[in-house]
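One structure coming up, written as structure tokens, with questions to follow.
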Amino acid sequence: MKLFNFSQSRSLWMMHFCTGCGAMEMPPTMTSRFDMERFGIIPMATPRQSDLLLITGYLTIKTLKRVVRAYEQMPTPRYVLGFGSCTINGGMYWDSYNVIKKLELYIPVDIYINGCMPRPEAIIDAFLKLREMIAKGEANAWKKYIENYEWYKKNQSEVFDVEKWSIKNEK
Amino acid sequence: MDAGLIFYGSAIFLMVMGVFIAITGRHLIKILLGIDVFDTGLNLLIVSFGYINGGTAPIFSKYPNIFKNVVDPVPQALVLTAIVIGVAEMAMGLAIVMQIKEKFGTCNIAKLKELKW
Amino acid sequence: MVSPILVIALTLFLAFSIPLLHMLSKKLPPFVPPLATLINLWILITNIKHVGEGAMLITTAGLKPPIAINLAIDKFSLLFAILIQVIGFLLSIYYLSQERKDMRFYMLFLLNILGASGIVMTGDLFNSFVFLEILEISSFGLVASGKDKKALEGGFKYMMIGAIGSSLYLLGIIVLYLSTGTLNMAHIAKLMPSIPDSVKLFSSILFLIGIGVEVELFPLNAWAPDAYQGAMDEISTQLSSIISKTGIYLAARIFLTIYGGLYATNIIFYLAITTFIVAELAALMQKNVKRMLAYSSVGQMGLLMLILSVFAKRGDVFVLTTAILLALNHAFGKGLLFLSLGSLTGNTRNYDIEDLKGAGRANPVLGFLFATGVLSIIGMPIFFGFWSKISLLISIMKANLMYLLALLLLVFLVELYYYANVIVNLFKGEGKKYRIGVIPVSVMLLFALSLIVFGLWPHPVFKIAQNAAASLMERSMYISSILGGM
Amino acid sequence: MAMFLLLLIIGLTGLLAFILGPIKVLRNIISLIGAIGGLLYFVFKIRPGQAYALNIKIYNVHFGTGMSALSIFFGIILLGLFLIFLIASFHEDNDGAYYMFSFFSLLGALGVLFAKDLISFFFFFETMSLFSFLIVLKGNGETSHRSAFKYVMWSAFGAYAFLLGTFLKVNYTHSVMITDISYLGGNIKLWILILLLTPFMVKTALMPFHLWAPGAYTDSKDTYTVFLSGGLSKIGVFGYFIALFNVFSQIAVLYPWLLKVFAYIGAITASLAGIYAFMQDDAKKLLAYSSISQLGYVAVGFGVYSHFSVVAALFHALGHAVFESLLFLVVAGVYYRTKTHDLRKMGGLIKKMPLSFIGLLFGIIATSGIPPTIGFPSKWLLYEAIILKNDLFLVSLVFFASITAFLYSYKLIHSIFLGKLHKEHEHIKEAPFGYGFGIVVLLIPLFVLGTNPGIVVKPIDYIVRFYLKPDLAYNLTNMTTPLGHVNFPAIGITMTLLFTLSFIIYLIFGKSYRAAQEDNYTATEWIDKDFGLHYGGEFYGFMRKAFGKPLTWSFEKILNACLKVVSFLGEIARGFYMGDARVYLFYIILFFAIIVYIMGGKL
Amino acid sequence: MSILYFFLYLLLVTVIGLLYMGVARKVTAHIQNRYGPPIYQPILDVLKLFGKRHTVTHGVMHSLGPVIAYTGIASTLLFLPLGNHTPLLHFKGDLFVVLYLLVVGPLGMALGAGESSNPNATIAMARALSLMLGYEIIFFMATLPVFYHYHTASIYKVIQAQGVFPHWGAIIFPISFLAALFALQGMMGEKPFEIAIAPHEIASGPMVEYGGKYLGLLQLWHAVGIIVETGLLVDIFFGPQNIIWFFIGTFIVFYVVILVNAVMPRFRIEQAVRFYWGIPLLLAILGILQVYIWR
């Protein structure tokens, strides 16, 4: 198990789900200036292949449906990173009718990075923090999703029609 | 064989006229007549072949035959049957022409265009 | 030994007795033709034994050959006579199944059979002209007996050309008579060397035209497609099987026995090739199946004349056997085709390919019969046509005319093209179902069975054809047996 | 007499099957007995070398029927395939005539194998193409009469060329038997050879003569195509052997360029047919082109004309009979269930028809010639033979053709079995017993002959050794040629070993659960149940742009051009009979005048 | 003994392959002026992938795809003589066996990807196979002169025949070697010809539905693939006498391929196939002509 945790921490494949304004911060972290690849983090095309889901900005209900679908398509163990204040408490869209105020209600989040769009250094710092948590085996937010699956589904159903939108395959 | 120019000439002329009528005629009966003229021309030619100068009609009777040379009887016999056959042909032809007139309503051969190409 | 003269006499008597019988009861005349042809057949079969080497001479009016008219029957003419009677008998049974208002039709039919058997058996030239005329006039009548526009037009056209043709034939006979003094075929053949060349040439040209009309050579066969298409189906069967075969017999007798295959034959050789090619190419473009069959039978006649001329060029017994095989195959195959076409279209006389679509599938028996006929004419293996085609090609190969062989094969391909087109249309799609009587089907089945049986076991036919060809080939034997050493 | 009896058995069963047409069960049993009886009789009673004289003495042609080892080799293929076809065809609703025609086409094919002289060869060759034409005519589909027409026209073209060649030969050598003509002077023997070869090139659908094949294969009844492509095309291969070895044995010495041209035609056919194959959207048309392409290899084998290139050609002919009929059988089974050949409408059938999937999987592996299966040894031998003949361009062309095999075989298996199951195919069952039995029976030789080819190479080598100097050392399992050495079972064993190894790796790590069909990554966009995910049609559509214009050229255009010329001539000929009697009269008089004028000189 | 030796050999090649991939990522990173992951990163990735718990499959064939892929490439490896010693003692690799076994790998992956019924995967497979139509023929025509020159079809004999430096295939047949390099670029699926796995267009092509252990197996397949393909080229054109030279050779060739991969954009599929039938085909034909003239 320890070897797996070590290897999982060293090679985190990121599902680059660019929602909201945080997406602009990703290119500098990826390219030569801040080079996140040296920590073994490379952007992957499909949720099937990735372990890390980045929510980089405010989430409207419409994108939440896609995010939940992508999250469920990722193999476990999977980790979620919430960027910016919009994911924490809705940020400057706190009073908007269709923006999600607390990301936690819908999908479990491992690490939040505050700041109205954190700079690349903060993102790298978050990655390193996540690495240690995985290495020590503490980052198991994904278990919460499986254990209280109904609670999450109830919260989601308040916002959109889960029945129509969820994937029906034998879990 | 020496029937002289007149007979041969007229016979051939008749045959050529017959064919000419048959080819250019528009009316069915005119064409039939053309064929008949051609036949008669032919018969005339055959008979004229059989003519021997100075010969008399080849009739045998009980009196001894006083004239030596007799015209060659065989072509004449043939012509007899040929004429009968010509008649039969014309009869059948006219029967057909009657039917065509009834069915097609016209005797003009140009109108008979059912069977083409 | 019943003398074959009875064949002619009997048919003549029965033909003219039909109106009397008609007075007795309406239903009697249809039974006369089958009776007549059956008796003729019986007479001829009894005579097979007597036709020894060379020709069997039957004199009329007691006088020796060169003077009176006599019958000269050798194996070759006997074979054709029997063929005519057999097909005549089958056709007359076919007529039983159709009620006909006009009893005169049976008279014409019997006259036709009379003319045909007369030509085949006669030994005298003028006599053959008379029988030819009887044959032609009765066939004008038969073709026109269809009583609708097409039949009448076809009949008239046939009449016009036939009349001119036969009169030129008569002119030929007269020219020959003048130079030889006799009318007896054997005697003329004997005196042939003594006739001056130019007369022989001129008379052979006249004969060429006279018989050419009958045998449908290239420029003279313009009447054939219209007559075949116009006539009723049974009549076109009769046209293709009986009348054209007698034409071939006449051509063989005159050009081979009398002229010894010298004069007109090389013109015929080229004419026959053009006939075959023109007919097949014309058939290619046809939308009307009946006219297509007409062109194809004209083409087959061209082929037959080609074989005769090939025999004249470098002849041996085998080439003549092929001629007979081709004649038999064409008689039976084409006859079957015309008859089955008639019932396939349910006697509605519209023969367009589109209307025939799927007819073979709708009434399978007729489809099978039509297909057998076509496949036998094309020369497919299981059928009799295969042997006739193979022997045709072998005989041409023996006369080592290789380019002709290649040309023929090419034209056979064209022939296959339009025949396959008909068969394919016949067996595809949904066609109309027609009710057909038992008698016509049984007649057609007889035709088809003969094709298949002889196809699979061709030996007996080969033997008959071989000795018939042998007797035709020995010209001197024919002359000596007739003239009796005169 | 044995051969005559065999033909009799088959003929009688055909007739009986026709007579018992309506009573399905009885007819099936009778035809089954006939086929099995024929096969057993053939295997046990008929020995090579015996000349069963059935001499029908017609003029100088006798119907002697000889027997050579090669004809036994092909005879077994034919009868075996016929049995498989028969068992599978009981599921289709065919009438008695269908069975009669198929039996008679088999009779024709066997007759050809036993023919000793050219005329009987032609007789049986014609019967075979006649009855297969009639079957294609009865085929399903609305274009079947067009393709039947093309089929009969092309085989007649071949047959008449053969006939012309035969008569040229008889004219020069005065004997109808299949004897050697290489001693003849001049290049007449070249013409005879080309003419004799044409029907076989038509039968094996080499490039210029292949126009009939796609139509005939697609439109005849599904199960009959198995026999048509697997069995009857082998007669073409048999014909090659007869023409190139018995009729003209010194061809390598006298006309080596002809052989090279023949090889290149075969290679071009293989590659072009392969390219056409992967452009097709109809399963059977795809397989038809693939069959043409595989037969192209056989032609290359004969063209190269060295010992083990001919062995490779015959081996590939056998291989083609096995895997091509396997593919056709599977497609027939799929058609039986889904009633369609169109690749666009199929998909995801692996869930419903696993046995057919396995059959097709190993079928395409064999078609593309991947080692453990029967396809590889013959291809390997062929390559070695061509390189030995130091013709490098030919070997690259043949290799290019075998690459196209990968393309169209993957397209076939993907569009039918993989991908998303259509709603209407939800409840279809596996193909019925007839097809299943055929698949299993064909899979056995696929592997057995693939791993130890010695079984088949021994008899073939025995046949070819007589004509060409053998330089192929072989035993049951491996083959060595001057160039290289291959141990076939070794490849098989290593592959199975490694398969188990990677399967173990697969089993150790974690459990995986099955996802529903629509749980697919579609950039997280929502798709419902019947969203068309299947990418079946236009599979290599973009390749059309890659090939561009050359793809549109086709031999069809040349054929139509000469058809137009012939119909133009027909127009002229028809114009002669214009319908007016007076004109006819004018013809006669004109003709009379001309003749007299010509003859005037002699008068 | 040979079975243990057999597994060790396979493990060694896989690890070296993974290290090659690590080097590749390192080199591309440095070209892009950044540090890039440690060299052993791919090994970590594979370990992580095998550690994944819940992975998804779409059916038996889907899960068997990677298994067949790995079998294919592993059996090709075993038939490919690495330097002068081959694992399967009595059987020296034959060119055609290797070329046909090379196809089993992609075929297995194609079947697996097809089963996933994801349009991206099927489009990818169509592209991969069409590309094969391009590079496979060039590769074959490029290697043909060498085999023909040494009158053999077995790779092992070719290696032995090449011996000392001036006798290398690349030196005798430079044109064919160039054409082979073009073909290798396509065969490896590197940048200008990365049409099948194009992550931006079709979401990493066939691997779109593969996760967890399947992706791990495919990574192994890719790793061994690198060694086999470059090894094939090295064996034919350089004839390494022993295994060390073999791996150095493969590394150099791989290095060249990576350099090209780092800087090149990506072809469209029909452009790629057309490209292959342009210059590389010409080069290959020239190579063959050279053999003819040479002989």
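Before moving on, here are some points about what is shown:
Going by the order they are written in, the chains are A, B, C, D and E; count residues from 1 in each one.
As a working rule, a contact is a pair of C-beta atoms (placed from the backbone, for glycine too) under 8 Å apart; a residue touches a chain by one contact, two chains touch by 3 or more.
Small disclaimer: the values here were computed from a predicted structure and weren't measured.
Steps from chain A to chain B, minimised over paths through touching chains, total 2. Looking at contacts between chains, the pair that accounts for the most C-beta pairs is D-E. Ranked by separation of Cα centres from chain C, the top chain is A. Centre-to-centre separation between chain A and chain E, using Cα means, comes to 36 Å. As a whole-number value, the distance joining the C-alpha centres of chain A and chain C reads 98 Å. Separating the centre of chain C from that of chain E, both taken as means of CA atoms, is a distance of 79 Å. Counting partner chains per residue, chain E has residues 51-56, 203, 208-209, 212 touching two or more of them. With touch defined as above, residues shared between interfaces to two or more other chains in chain B number as follows: 19, 22, 31, 112, 115, 117.
Those residues of chain C in touch with two or more other chains are numbered 156-157, 160, 164, 225-226, 285. Every pair of chains meeting the touch criterion is listed here: A-D, A-E, B-C, B-D, C-D, D-E. For chain E in complex with chain D, the residues that touch the partner chain are 7, 10, 50-61, 63, 66-68, 70-72, 74-75, 78-79, 88, 90-92, 94-97, 100-101, 103-104, 107, 110-111, 114-120, 122-123, 125-127, 129-130, 132-133, 136-137, 140-141, 144-145, 147-148, 151-154, 203, 208-209, 212-214, 216-217, 269-270, 273-274, 284, 288, 291-292, 295.
Interface residues of chain C, counted against chain B in their complex, comprise 126, 130, 133, 137, 140-141, 144, 147-150, 152-157, 159-160, 163-164, 167, 170-171, 173-174, 177-178, 183, 225-226, 229-230, 285, 291. Taken in their complex, chain B has these residues touching chain D: 19, 22-25, 31, 109-110, 112-113, 115-117. Residues 3-4, 7-8, 10-11, 13, 31-33, 35, 37-40, 42, 44-46, 48-49, 51, 73-77 of chain A touch chain E in their complex. Considering their complex, residues 156-157, 160-161, 164-165, 168, 197-198, 201-202, 205, 208-209, 213, 219-220, 222-223, 225-226, 267, 277-279, 281-282, 284-286, 318, 375, 380-382, 386-387, 390-391, 393-394, 397, 400, 402, 405-406, 409-410, 412-414, 416-417, 420-421, 423-425, 427-428, 458-459, 462 of chain C touch chain D.
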